[in-house]
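Here the chain labels run A, B and C in written order, and each chain numbers its own residues starting at 1.
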Amino acid sequence: MKTAVQIARDVQNGESSAVDELNTSLAAVRARNDELHVFLYVDEEGAAAQAAKVDALVAKGENAGVLAGVPIAIKDNTCQRGIPTTCASKILEGWRPPYSATVIERLLAAGAVPVGKTNLDEFAMGSSTENSAFGPTRNPLDPSRVPGGSSGGSAAAVAADMTPISIGSDTGGSIRQPAALCGLVGVKPTYGLVSRYGLIAFASSLDQIGPFAKTVLDAATLLEVIAGHDRMDSTSLPEPSPSLVAHVNDGVAGKRVGVVRELIDGADEEVVDAVNRALDVLREAGATTVELSIPELRLGLSAYYLIAPAEASSNLARYDGVRYGLRVDAADVSAMNEATRTAGFGAEVKRRIMLGTYALSAGYYDAYYGQALKVRTQMIDAFSRAYHEVDFLVGATTPSVAFKFGEKTSNPMAMYLSDVFTIPTNLAGEAAISVPFGSGETGLPIGVQLLGPGRSEAQLFSAARVLEIADSRP
Amino acid sequence: MSSPLTRAEVAHVAKLARLSLTEDELDLFTEQLGQVLEHASDMNSLDLTNVVATAHPFGLINVVRTDEVRPSLDRDEVLAMAPETQDGRFVVPRIMGEAP
Amino acid sequence: MTLPNGWEMVVGLEVHTELKTASKMFCGCANAFGAQPNTNICPVCLGLPGALPVLNVGAVELAMRIGIALHCTIAPSTFHRKNYFYPDMPKDFQISQYDLPINVGGYLDLPDNSRVSIERAHLEEDTGKSTHLGGTGRLQGADRSLVDYNRSGVPLVEIVSGPDIRSSQQARAYAQELRGILIATGASDGRMEEGSMRIDANVSIRKANAAIGNRCAIKNLNSLRSLQRAIDYEALRQVELLEEGGTVRQETRHWDENLGETSTMRVKEDADDYRYFREPDLVDLVPDLAWQDRVRAALPPMPAERRQKLSARLSDPTPAQLDAVEVVIDLGLEELVNAAVDAGAEVTLAISRVANEVAANIEQVTNLTSDSFCATVLMEQRGELSATQAKTVLGELLAHGGDPKSIASALGYEQLSSSSLGETVAALIEEHPDEWNRYRDGDEKLAQFFIGQVMKSTKGQANGKAVVSELQARR
């Protein structure tokens, strides 16, 4: 399948049309969506209209945008006006937002063609997409296995060649982990780089929207389109979108790379091997590597599983059956709230809401949530000290390759542990990329994680590109 | 091993969160939440008295917008998605108590 | 009202005021009273999934003005979420300020020279409004409710006093003075009936210098009169309860204006655990000194200062005159007085006409121009109009505007020329020689007699002072 950059070039210079590219995409969707359950909603009408618009611009000789005619899949926790946005939850089944997220506006302005909304773990809570209220998504590379989560659908859309690019959201690893399990490039941008306006909130201080792609160049191109200050998001960084594409081939000569044991220890042997081979490649390309230990990172899981649920418990309070979404009637409004939320939320969501409510409640705030916030500061400081020594860090993205359905669902903690390498970056608000590098015994792909300080995406893309070139995978 | 939180606490928290649980769910969640809190006890031993919570990771402050009116949503579009409306307002069943 | 048996009331007031911004606290929807339901809403103030708040700088400036006017310290502040479920709250949490509010540690001096401390004055967003169907229209007995979110997200400042108030009169004076300040800063229009200013009273009692007892929060105070009545009722209720050997339960009580009593509103519930935590969608607010100074410099004079300035134009003012000054300032009408005095009017007369005649028809004050007010007062002062006539002319100006001279003439208030007045006085002197002689010999009281005669003869059209001038000239 063509890359996004190739498609845009072909559409802009008339060798192809947006409508044709869309049709190719839709054919691929139709071929495997029943099997893989990637899309919760395919917006044929909207996509056709957007494709026609792009073709009309091209016909007039105008610039149709950096992503002209490129089909793109959107994670279904991102509001797109007029089409269903469900967060894979019964409580929002059928809800059509009266507004679009800022990233959607930017994608449309760049000529991209959103094809539909992809499956996710309900309200982005999960690491396998098994928590979707509408059924799981299957890994296109091995449908007996999970694609990862929570952005499993967006990862699968690209891995199955339905669209060359997609967007997901990452709160504790929900882009990077599925990217690793599906053999894709996945980016969690610096906190505030991409607007959260229109992203249905899970954990406000951790969420970021980011790209999935098969190539580093596509990922950088997509991130450039959606990044940059947004006045609708108070936490948005003040700068305009950074220059990323121009730096993709900068290489890593002279760079100092930290190998963090806490981001490798506990991973399967084949994953550790892949990380080590990646380090060889970086050294051959002119980087120096040094082994680091950042013990503060070990507390990341604990802090995350208090902070994220706490914020989520508050963010999800609005689903009360009053203004939109599911309502289960009852004699009084409190009973109605309770009946609605009990029927509308799945078990994982309920679990996290209760955990979060508990962590914030009177008498427990200091011990749990308050303490977790302090641990977070420590982690930020620890990363900061590390970045005085090195330019970026390398580690594993996930402890193992894609696991089988049902393997981790009996025990929530087991699932939570799969986020151990990705969570620290969210807590610190910094940038990280997962890039495919080699595969395991089963032939399933392995992801290597590159982490950098806030606003360092450009150098991370450069390093990712070095690995991409060396990687034997086509 | 006793759980860090009791069944009664879970029931209380469920009520606060407007969730109703079956007896089985109450048992299951007590155990599962207990495991997470147990795991989180690795934070308890740390003396972090002098550590301050971070607000925005990059120190953003004073983000404001000018006081000017911008277009609102079309009421019909908003009410169309509501479970029940009357006279341009959202209908809810009986409210049992005054607002705090 | 003094409490019996040495009991003392301890009262603190919480005042919420809506801010007069053009748009809401966190979004660009119009901040307007009386619009059609649910027409001023957007994803943010409706709490739609994915929406985010962005702080209105106008609300911040008004909050700072209030803080400065109340002698507070403007501090770096943070927003917090106050979490609870209620249908008029679209997010089921309210964005407010908790332990780091924008204004802390101020005070308010009252006209009686007592001082009430201000603990804090912080920013928060308002909720929507519900109306109740079935039953009496009140919450109790309703079977469903209708919610309008136009008011949701309107900016509020909550001002919390220390528990320094010791009488219902003082509470009323505090509320009145605070209202005047809120209006003077431009932050609020202070309309309790419309709900743009809401007062809750926290009332407890104690014996002198003993520990403060449990307090009850009193809500539903829709006027200053209710405030005063409710505080007196509640304090007495607590006294009677304690004297009987009972205990005062810490709770929220509802004031019923018709029944004249407070009643339990809400049993304390678990729902009171608000689980405050820092609002992650907003960043900290740190107004630097330069910003604070700009706000301070632009602050107009407050009522206390304006009262002082106006009373300084009076020499040795009586209490009644000071009351009149207070009325003038309270209504924001000192410019009328100042303009008249600057044009030559006598200050007590100008103040009196504003505090009485203009104040009585305050809703029509826009019909009255400064020039027409000045002209009327000067006409009265020069004797061209009697006091009664001047008041009538003012009434006419307030009702319909116009020009004082034309009005006077239309009403038949012929200007009594000094010559015709002189003739009238001369004629009366001839008719009443005994009285005239006594007056000439020094009996001043007879001036009144002659004034009365002149009035009878001219059908009230003469000016008393002018008559006295004539008499003195002829002595």
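Throughout what follows, contacts are C-beta pairs under 8 Å (C-beta built on N, C-alpha and C of every residue); 3 or more make two chains touch, one makes a residue touch a chain.
Remember, predicted model here, so these are calculated numbers, not experimental data.
Each of A-C and B-C has its own count of C-beta contacts, and the greater count is at B-C.
Centrality by Cα centroid goes to chain B. Between the CA-based centres of chain A and chain B the separation comes to 23 Å, rounded to the whole angstrom.
Chain geometry summary: the mean Cα position of chain A and that of chain C are 55 Å apart. Per-chain CA centroids place chain B at a distance of 40 Å from chain C. Annotation for chain B: residues 16, 18, 53, 56, 60, 63, 65, 73, 78, 90, 92-95 touch two or more other chains.
In chain C, the residues touching two or more other chains are 43, 46, 54-55, 85, 87, 145, 147, 273, 275, 282-283.
Those residues of chain A in touch with two or more other chains are numbered 95, 98-99, 231, 234-235, 313, 317, 320, 322-324, 333-334, 337, 357, 361. By the touch criterion given at the top, residues 95-96, 98-99, 190-192, 231, 234-235, 237-238, 298-299, 301-303, 305-306, 313, 317, 320-325, 327, 329-339, 341-342, 345, 350-351, 353-355, 357-358, 361, 367-368, 370-378, 380, 411-413, 416, 428-430, 454 of chain A touch chain B in their complex.
For chain C in complex with chain A, the residues that touch the partner chain are 43, 46-55, 81, 83, 85, 87, 90-93, 145, 147, 273, 275-277, 280-283.
Looking at the complex, you find that chain B touches chain A at residues 5, 9-10, 13-14, 16-21, 29, 32-33, 35-37, 39-44, 46, 48, 51-54, 56-58, 60, 63, 65, 73-74, 77-78, 81-84, 90, 92-96.
Put simply, chain C touches chain B in their complex at residues 21-23, 27-30, 36-43, 46, 54-60, 78, 84-89, 127, 130-132, 139, 142-149, 219, 252, 254, 265-266, 269-275, 278, 282-287.
Residue ranges on chain A touching chain C, taken from their complex, read 78-79, 85, 87, 92, 95, 97-99, 101, 196-201, 203-205, 231-235, 310-311, 313-314, 317-318, 320, 322-324, 333-334, 337, 357, 360-362, 365, 369.
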